[in-house]
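These notes open a run of structures that come right after.
In the two complexes that follow, subunit A is the common piece, with subunit B as its partner first and subunit C second.
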Partner chain A sequence: MSQGHDNPIHHPEVQMSSSRGYFTGFLISLGLMFLATFLVASGSMPPFGLLMVITICAAITVIAQIYFLLHLDISEHNIWNTVSLVLFIPLFIITIGLTWWMFSQLYLRTMPMMPGMGMH
Partner chain B sequence: MSAHSSTDPKTAVLWDTHDHGHDVISTRTFGFFLYLLSDGMIFATLFAAYGVLSYSHSYAAGPTPASFVHPWYTFLQTVALFLSVLAYGMGMGGLKRGSKSGLLSGLLAAFVLGVVFLGLDIHDMMDLADHGITIMTSGGTSAFIFLTQTHAAHIFFGLVWIAVMILQVMIQGFTTDTVGRLLSLRMFWHMQAIIWVFVYIFVYLWGYMS
Partner chain C sequence: MLVPLAGGWNPLLGRLALDQIPYNNPILAPLFVVVALGALALIALITYYHKWGYLWKEWLTTVDHKKLGVMYIIIGLVMLFRGFVDGLMIRTQQVWANGPDSSGVFGAVHGYLTPFHFGQVYSAHGLIMILLAATPLLVGFMNIIVPIQVGARDMAYPYLNALGLWITAAGAALIMASLFIGDFSHNGWFGYAPLFEIQYSPGVGVDYWIWTLELLALGTSLGGINIIATIVKMRAPGMSWFKLPIFTWASLSANIIALTSFPALQLALALVASDRYLGSHFFTAGLGGNLMLYTNLFWIWGHPEVYFVILPAFGMMSEIFPVFSEKPLFGYITMVAASFAIAGVSWLVWLHHFFTMGAGPEVNSFFSIATMLVGIPTGVKVFNWAFTMYRGRLTFSAAMLWAIGALFLLLVGGLTGMMLAIPAINYMVHNSVFVVAHFHSMLLVIVYAVFGSVIFWFPKVFGFKLDEYWAKVMFWLFSAGTVGVFVPMYMLGFMGETRRLDYVFNTAWHPYLVAEEIGIFLYCLSVVAFFVLLYVSIRDRVKNQVGQDAWGTSRSLEWLTHSPVPFYNFAVIPHINERDEVAWRRQHGLVQKQPEKYLDIHMPNNTGMALYIGALTFVLAFALTWRIWWLCLGSLVAIIALMIVRSFQGDAGYIIPAAEVERMEKEALAREARIQTGAHPLPAGGRPVPGEAIAYERQDKL
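Let's turn to the complex of A and B:
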């Protein structure tokens, strides 16, 4: 993070953009989103299996976008961006997961069970 | 930092006495990346709120996403946003070659496609309001609308930023300031596509399934 550059065009963060990488990321993302939309709209799978499949679609899409669009890898120039993202992920999951878990337990113990009620 | 056996401890210099300065662009983009991660925490709290407010009792016997989400309509928004991100990336390919026209055409295409995304979103929200589904309807619709519209607000400010950058590059050309801002805006715009994957899969599609 300390090399100087007179011409900003030659900065490594400019030079690491890759049109082919962006196009690959775009095709992977759009293909998986199309698959998820098609499966959900046609409703041909049982809900739990469908949820698992679209979760996997989302996970692959996000990983592809982080790699191809944000250029996060372990190269010398990007390592600190990657480290901060890796440290961020547990915070993100804990914030959502713990809140969700606490309220689902609360509802389970305090709400009258209605037909059709369940984890959404 | 490697210890050389030839270094004489009596004359060794333990610190660097000259200021080499910081790489201005990298310092700014790294700071902006940390801001984007904290912005991600805003979405984490909104996803958590949607999670606890998407039980059937949260909709107060009113409409649920299963009745008002149209997967293929929202898929069009996904296509528009991903194309916009791709166009911005192609513009950055122009910057890499030092081509002003390549960068500006990429930014312009990204702007137009972003407007398409926002237009589809606003049309969707107006349609919901026409059917009496607003942020006031129930806790579930509050969480749904607030989460999706927070993302739309990010897109709006991203569009303002893209417009500003088009003007700045036209007037100032490629300077350390404008190139650094273009790099930060690239991260911002690409981050919105990543957040949208979560919003689309876990709010729109999962809500439609439930």
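Let's turn to the complex of A and C:
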């Protein structure tokens, strides 16, 4: 512990948070989740289109949460957050990409072709 | 209830009922009596010696990273013992229940454990050894050593550190509770989909397993955040990245992969919980679920996790070898690079845990090659350690013996790992005890490194050395046990024995099983030797007292402060000039140099809040396991309320006045002067320092 702590409230990354920001992030996430749930439950779209739409919903939710709830941007005082995000992105690509690859290969061998899913 | 439950449920007690207590089990009921008597004796002793106040003030409410680390290590050692007893039970069952003519007792047809009970024993063994023995032991060492090695007064977040400990303790308590209330999961430590679904495992065992893992994942993640922040933000003046001690580098790489991978486990288990509690179908075979997706998600965490536990062990070995070779570590930069290469590759190899899923030749080839790549940085490390010892002045002390043992086991485990990385071999030995022997070789690297570190860093924390003779006796007994258990196991693996057999059909394997039983008996003797070691060392503690540099050849910064380390770590934070600061100071006669004047020290206050929240997480997990909904809600609300209360309290900390620091330092120095006479004559003077060396920052600048 170094001498003399600054008041944590005055740190720039703490200053970025506001109840409006949290509320906006929460509402956007909630709205998109309800939309996705409704679309899946109603079954009014063909499977492939549905998959696309809920994937886009999920992507927007992730971005909204990163911005409004985690306050990530590329400003100077957020440099460590930016570094960790940049280090995280390859992990997302690796885990999601390799999972997608291995399961597409597995499905080719083990699953009956689902109607409406098109060709692989 | 959203899902149909076998057995009763009532709003007050959930699924908990009297028939869930195994009071008629011939193994558990006597054990419970012993445990209860032991606990009563402990409480009576603490009360008799009026130690409750001491326990509360000095240990239960502490935020001191060294005491928290010691408690982590105590949890780890206790759970290592429990896991060992599970291992002993498994070995005994297999040697007993061998062949159709073998006898059976306690309701088992063969041996003494019913298949259901045997399943619980091996599941608990795996989970305990990885997450409740290896992880707390290593986290404990990182907790104690990393802040001292970087020259900090405490962790970056002392309160969060205490919280992590008490949540881990809650996880340990939960798995111990499953012994006497209900039962534990019977489908392996990693769980098989869809066997863990509520239809196939209707009891509470799997629920215990889910919530134990969730608690441990949470506790470990909090610890990881803390260690990373400490290393990044709290290094002593002058300590640039490449002057960081090697164990700290290893801790950094390990905690980065822990922090990034644990969410995958938490997610996978949350989905299992959703299946079991809400009736969803993530991992069922029907209704759009995919059971292999569970295995996939689990090992996305599982493989980084095994490197999370091996990397700090590598760091420990990298600290022990140079000290007992009297040479700097060979290839420091390549060692750091290798740690991060291993951490990076750990994310690319998880499919090798389920090659036989049948993802196809392209996928299997990719993961096979990625797995073999791990051998490159690991090989770099092995050669670096070998070159560190090459032409060094070796001292075969007990700590060094453990480290060399770890090196040999790493070779055995690593080479068999290379074999398993080849899918063609993997298909042949998948699910055999060959795999079991392989990963036990690797995990024993950790156990060896940990025991080496216990001996190596014990004098730093407690101020006296452990007895060398009994430490060596323990080492040789333990190593004999390792050979006795695992050499026959490798052989049985090639003969086709599959893992987790509660009944071994082939009587031709009997000699090997007997050899394994003899091996585990030697392990038992080594446990006895460990207790003797503790007894003898504590008895002779005055004789074995040491000064700051316990081994006389130490190198990194933790050996610059007193032994035992004062609660403020360093009276004045030293200035770092070199990579091996203490070795450098010794060479230049600066070890005994004291700061000219002392300043006030700012320290964090003790708090009971972490203990309360830890206890409440246990209540929450227990209530979730037994589906006592009112208790879940109550404990959850209480946790949130306590967190809000804590955030409004804040902690201004307290100041130790400079005069008080000076008094304590004088005392410590006087104690050291008494011990130093005769033990390790320190060279006076030494070579003059080229240029201008700074031992401490200039006081007027602070």
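Here is the rule we go by: the second predicted complex is superposed on the first by the 98 of 120 C-alpha atoms of A that agree within 3 Å, B and C clash if a C-alpha of one lies under 4 Å from a C-alpha of the other, contacts with A are read in each partner's own complex, and residues count from 1 in each chain.
As a convention for this text, a residue touches a chain if its C-beta (ideal position, glycine included) is under 8 Å from a C-beta of that chain, and two chains touch if they have at least 3 such contacts.
All figures in this text were calculated on a predicted structure; none of them were measured in a lab.
Engineer: Just subunit B (first), just subunit C (second), both, or neither: which does A:Ile66 touch?
Structural biologist: In the superposition, A:Ile66 contacts subunit B only.
Engineer: If we overlay the two complexes on their shared chain A, which of subunit B and subunit C does A:Met52 touch? Say first, second, both or neither.
Structural biologist: A:Met52 sits against neither subunit B nor subunit C.
Engineer: Which partner does A:Trp100 contact after superposing on A: first (subunit B), second (subunit C), both, neither?
Structural biologist: Only subunit B is touched by A:Trp100; subunit C is not.
Engineer: Who does A:Leu35 touch here: subunit B (first), subunit C (second), both, or neither?
Structural biologist: neither
Engineer: Please name the chain, subunit B or subunit C, that touches the greater number of residues in subunit A.
Structural biologist: B
Engineer: Please work out whether A:Leu85 is in contact with subunit B alone, subunit C alone, both, or neither, and reply first, second, both or neither.
Structural biologist: It touches subunit B, and subunit C stays clear.
Engineer: Tell me the contact category for A:Ser17 with respect to subunit B and subunit C: first, second, both or neither.
Structural biologist: first
Engineer: Quick one: classify A:Arg109 as touching subunit B (first), subunit C (second), both or neither.
Structural biologist: Only subunit C; A:Arg109 stays clear of subunit B.
Engineer: Touching A:Phe26 in the superposition: subunit B (first), subunit C (second), both, neither?
Structural biologist: In the superposed model, A:Phe26 contacts subunit B only, not subunit C.
Engineer: Which parts of subunit A are touched by subunit B and by subunit C alike?
Structural biologist: On subunit A, the overlap between the subunit B and subunit C contacts is residues 1-5, 80, 88, 91, 95, 99, 103.
Engineer: Can you check the complex and tell me which residues of subunit B touch subunit A?
Structural biologist: 20-23, 25-27, 29-30, 33-34, 37, 40-41, 44-45, 47-49, 51-52, 54-57, 71-72, 74-75, 78-79, 82-83, 85-86, 89-90, 92-93, 95-96, 98, 174-176, 178-180, 183, 186-187, 190-191, 193-194, 197-198, 200-202, 205-210
Engineer: Tell me, which parts of subunit A touch subunit B in their complex?
Structural biologist: 1-5, 8-9, 11, 13-15, 17-19, 21-23, 26, 29-30, 33-34, 36-37, 40-41, 43, 47, 50-51, 54-55, 57-58, 61-62, 65-66, 69-70, 77, 80-81, 84-85, 88, 91-92, 95-96, 99-100, 103-104, 107, 111, 114, 116-120
Engineer: Please name which positions on subunit A make contact with subunit C in the complex.
Structural biologist: Counting only subunit A, the residues touching subunit C are 1-5, 80, 87-88, 91, 94-95, 98-99, 101-103, 105-106, 108-110.
Engineer: Going by the contact rule set out above, which residues of subunit C touch subunit A in the complex?
Structural biologist: For this pair, the touching residues of subunit C are 152-154, 232, 256, 260, 264, 290, 292-293, 296, 300, 347-348, 351, 357-360, 362-363, 366, 599-600, 602-604, 653, 702.
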